[in-house]
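In this document, chain identifiers A, B and C correspond to the written order of the chains, with residue numbering beginning at 1 in each.
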Amino acid sequence: MPDQLIEFLQQLINGLAQGSIYALIALGYTLVFGVLRFINFAHGDVFMLGAFAGLYTAPKLLALCGGGPSFPGAAAVLVVAMFICAALGILIEKLCYRPLRGRPHLTVLITAIGVSLFLENAGQYVFGADPQSFPEIITDRALEIPETWGALSSLTITVGQLLVFGVTFFLLLGLRAIVLHTRTGMAMRALSFNPVAASLMGVNTDVVISFTFGLGSALAGAAGILTSIQQPSIDPLMGVNIGLKAFVAAVLGGIGNIPGAALGGILIGVLEALVVGYINPTYRDAIVFAVLILILLIKPSGLLGKPEREKV
Amino acid sequence: MNAPLLQLDQATMQFGGLKCVCDLSFIVTAGGLVGLIGPNGAGKTTVFNLITGVYRPTAGNITFAGKSVVGHRPYRITSRGIARTFQNIRLFGSLTVFDNVRTACNMHLRHGISHALMRGPKFAAENRTTENFVEELLQIFGLTAARDEPCRSLSYGGQRRLEIVRALATRPKLLLLDEPAAGMNPTEKIELMKLIRFTQEKFGLAVLLVEHDMKVVMGICERIIVLDYGRKIAEGTPTEIRADPKVIAAYLGKEAA
Amino acid sequence: MLERTKILLLAAVLASAAISFFAGSINPYYYDILISIGINIILATSLNLVNGYTGQFSLGHAGFMAAGAYGSAWLTLAFGYALGTSVAGTTALFVFALTAGGLIAALAGLAVGVPSLRLRGDYLAIVTLGFNEIIKSVIQNAEPLGAQRGLGGMVAHTNFFWTFALAALTVYVVLNLVHSTYGSGFLAVRDDEIAAEAMGINTTKYKVLAFVIGAFFAGVAGGLYAHFKQFIHPEGFNFLRSMDIVVMVILGGMGSTIGVCIAAVLLTILPEGLRALAHLPWLPDWLRPIAENRMILYSLLLIILMITRPQGLFGTLGWKRKKA
């Protein structure tokens, strides 16, 4: 196999791993947009809070699971972080967004920006602005690909990356099951089609919205832990950049569209990896913005979304 | 006086697989008063949106005063002489009654931004002309007392009247009224009918009216066009339409015909 | 509101000139705050034209400020020697640089406004944010502009007169523009774009005009800033700077020029007040960083404002709820 193909495959692997992270966070944006028609600016910061939740709970959880990095320990940290983020997401919605139900769009948007800024700056105050070291909850090392696979053995794939693939895959399956096969999932879909009709049909809007926030935030929290395994330096502003890219991913796939968010995440991750690998690492952020502007100009409803028409 | 002012030629509006309006052709003459009726979902507001440029017809042509209006932005179509009101009242919520009407005078201004900034004599003169024009309109329609009130403080009927006045401020040749009688009580409807007749005569307009209330439609329209599922199923005088079996079937179901 | 506005403008300019005469005797610390107030008034008023009066939610105003700051700074640095040191020469250069900076910013406003036309509130906000980052990126990669090191050495042309004369001019332009039949187009676009189009208003023209005029004055403010601090750095024109201005507009009440000016004054003084507070000996240690990091308080202020009094201090929340 030619070297360039190996190189390309390597970039692809890196891109898919990062893309899965974007997908998990993008799902949160899309779920909330689906039921509330608004962009939760503060979502990226929940991702950051997930990482910090892991930072503080890991020592005790690892100790419970026999001390030291281990698979059960990592799983425990992941699940606990997801729960903490779900709770935080629900709390934020209840305190800051619910009082604004029915108000002009702009009001909620500004509030979301306020929440985001508050989480970032309060985070800097509480956690300290300096980057901190995320504890090792699982030994992240490059996997040995056996020589018998030929040229493929020169590829590098880490435990962390495998974990990302695996966890993302299972979380996506779980999300699909919830959305398609549970009553709450059906309520979520009903709300996203027609909120008034849904509530007239007996859907408890408040509960479903809380649930949606919790779900999206849990996914963001999972993304926080998974990222921290691979990049152990965490700081209160880590959610800004990634949150924005995940948002672009959600828009790319079609905001409000769940498979779209996953697709968008993967695409952005791969695109970023290719740009970093083949063009110039300094353009990694600019290219994502360029994608956003392009997609909003060409097809604002995204790849998988349907255009929404304003009723005249 | 009988030359066609507005002409639709096989106009079609397709959204994905759904044909909202299909091969629609009709004419409104200058000074005519035409009604557009049909069951809910027949595509009446879509026709308005097509005429005013909110939508672009997927097929067919629409001409006004001899020139095509297809593909033009709504504001340009308005400057040609077509004005409209909306099914759900769309006033400029933060503005007063006076300012709502004044905004519609924008397109006839001959001064531009530099005059607005420099505020020379030309600006002052044109400003006075505009304000007098708006005062006159408000007076004709009985809104002078409320001139400085926020437009939302008007009664429902008053807001509908204001929407009509605002549309008139654009000095149209054709006025499209989208369900003006919606939500009105019988007394208000009679007032409305008088208002529409009066407006048409005083300003020499053609009026195209979408309305559900048959008393209003039959009471003032000279001609009526009936739509069902986006197609024209009948056209004629009120008497003809009232007796047309196709129309009765469309509204009441096949059995009643 | 016809001739009166011109008289008021003239009065303000004369007053600025008069006060400027005695500026030497003002305590330098307070003088700095006054200049900052003037610059913030220009920024807030110009942003209010876009956000408040036209209803286009722009989050990237600092980008236009940067365009003006760097544009004017480069010009005065490049041509500073050429025109010698005569008073007339340097003043002429300064005025030219400010205007040019404003025009460069206006061009940037055009570049941002045109693509943003079709975008709804949320998307427009994000795209303007994106453009802010792009402008910052461009500067960070431009060697002649000092790139990541920043640009310094500008002569301190900015004084009380220029700052407040230009602030008065900005207020004059925005107020006169909006309170005219021509300018009612802006408000119509804000209240209901579809109805505005139906009433013959070219909504595209008004949206772009708002962006361009708003950007022009932001650029002028940037030029004043550059020749006040005498050193500018790309990080000084980031999203947080844009948010500073947005908070002023929201606190003042979108669509109220007076409110926005008052908010600009308040929010210029507030960080100084907080800084003073942070140094009070009896303040508990854990409160000190909160006093120093104004963003924590700003963000809380935003949230509380939106929940309790979204129209800000003086605004009227008149515009109709836009359905998604």
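Definition applied: contacts are C-beta pairs under 8 Å (C-beta built on N, C-alpha and C of every residue); 3 or more make two chains touch, one makes a residue touch a chain.
This structure is a prediction, so every number in the text was calculated from the model and none was measured.
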**Prompt:** Quick one: most central chain, C-alpha centroids?
**Reply:** C
**Request:** Could you find the chain whose CA centre sits the greatest distance from that of chain A?
**Result:** B
**Request:** Can you check how far apart chain A and chain B are, centre to centre, with Cα atoms defining each centre and the answer in Å?
**Result:** 49
**Prompt:** Using the average of all C-alpha atoms in each chain as its centre, how far is it in Å between chain A and chain C?
**Reply:** 34
**Fill in**
Taking each chain's centre as the mean of its CA atoms, chain B sits from chain C at a distance in Å of 42
**Fill in**
Among chain C residues, those touching two or more other chains are 194, 319
**Prompt:** Where does chain B touch two or more other chains at once, residue-wise?
**Reply:** 54, 86
**Request:** Send over the residues of chain A in touch with two or more other chains.
**Result:** 312
**Asked** Given the complex with chain C, which residues does chain A contribute to the contact?
**Response** 37-39, 96, 99-100, 102-111, 113-118, 120-122, 124-125, 247, 251, 282, 285-286, 289, 292-293, 296-297, 300, 308, 310-312
**Message:** Which stretch or stretches of chain C touch chain A in the complex?
**Reply:** 57, 59, 115, 118-119, 121-123, 125-127, 130, 133-134, 137, 141, 194, 243, 246, 250, 289-290, 293, 295-296, 298-303, 306-307, 310, 317, 319, 321-324
**Prompt:** Which bits of chain C are touching chain B when the two form their complex?
**Reply:** 2-3, 5-6, 173, 176-177, 180-185, 187-188, 190-192, 194-204, 209, 255, 316, 318-320
**Item:** Residues of chain B touching chain C in the complex
**Value:** 52, 54, 73-75, 78-79, 83-84, 86, 90-95, 99, 102-109, 111-113, 115-117, 119, 123-124, 127, 130, 150, 166-167, 169-170
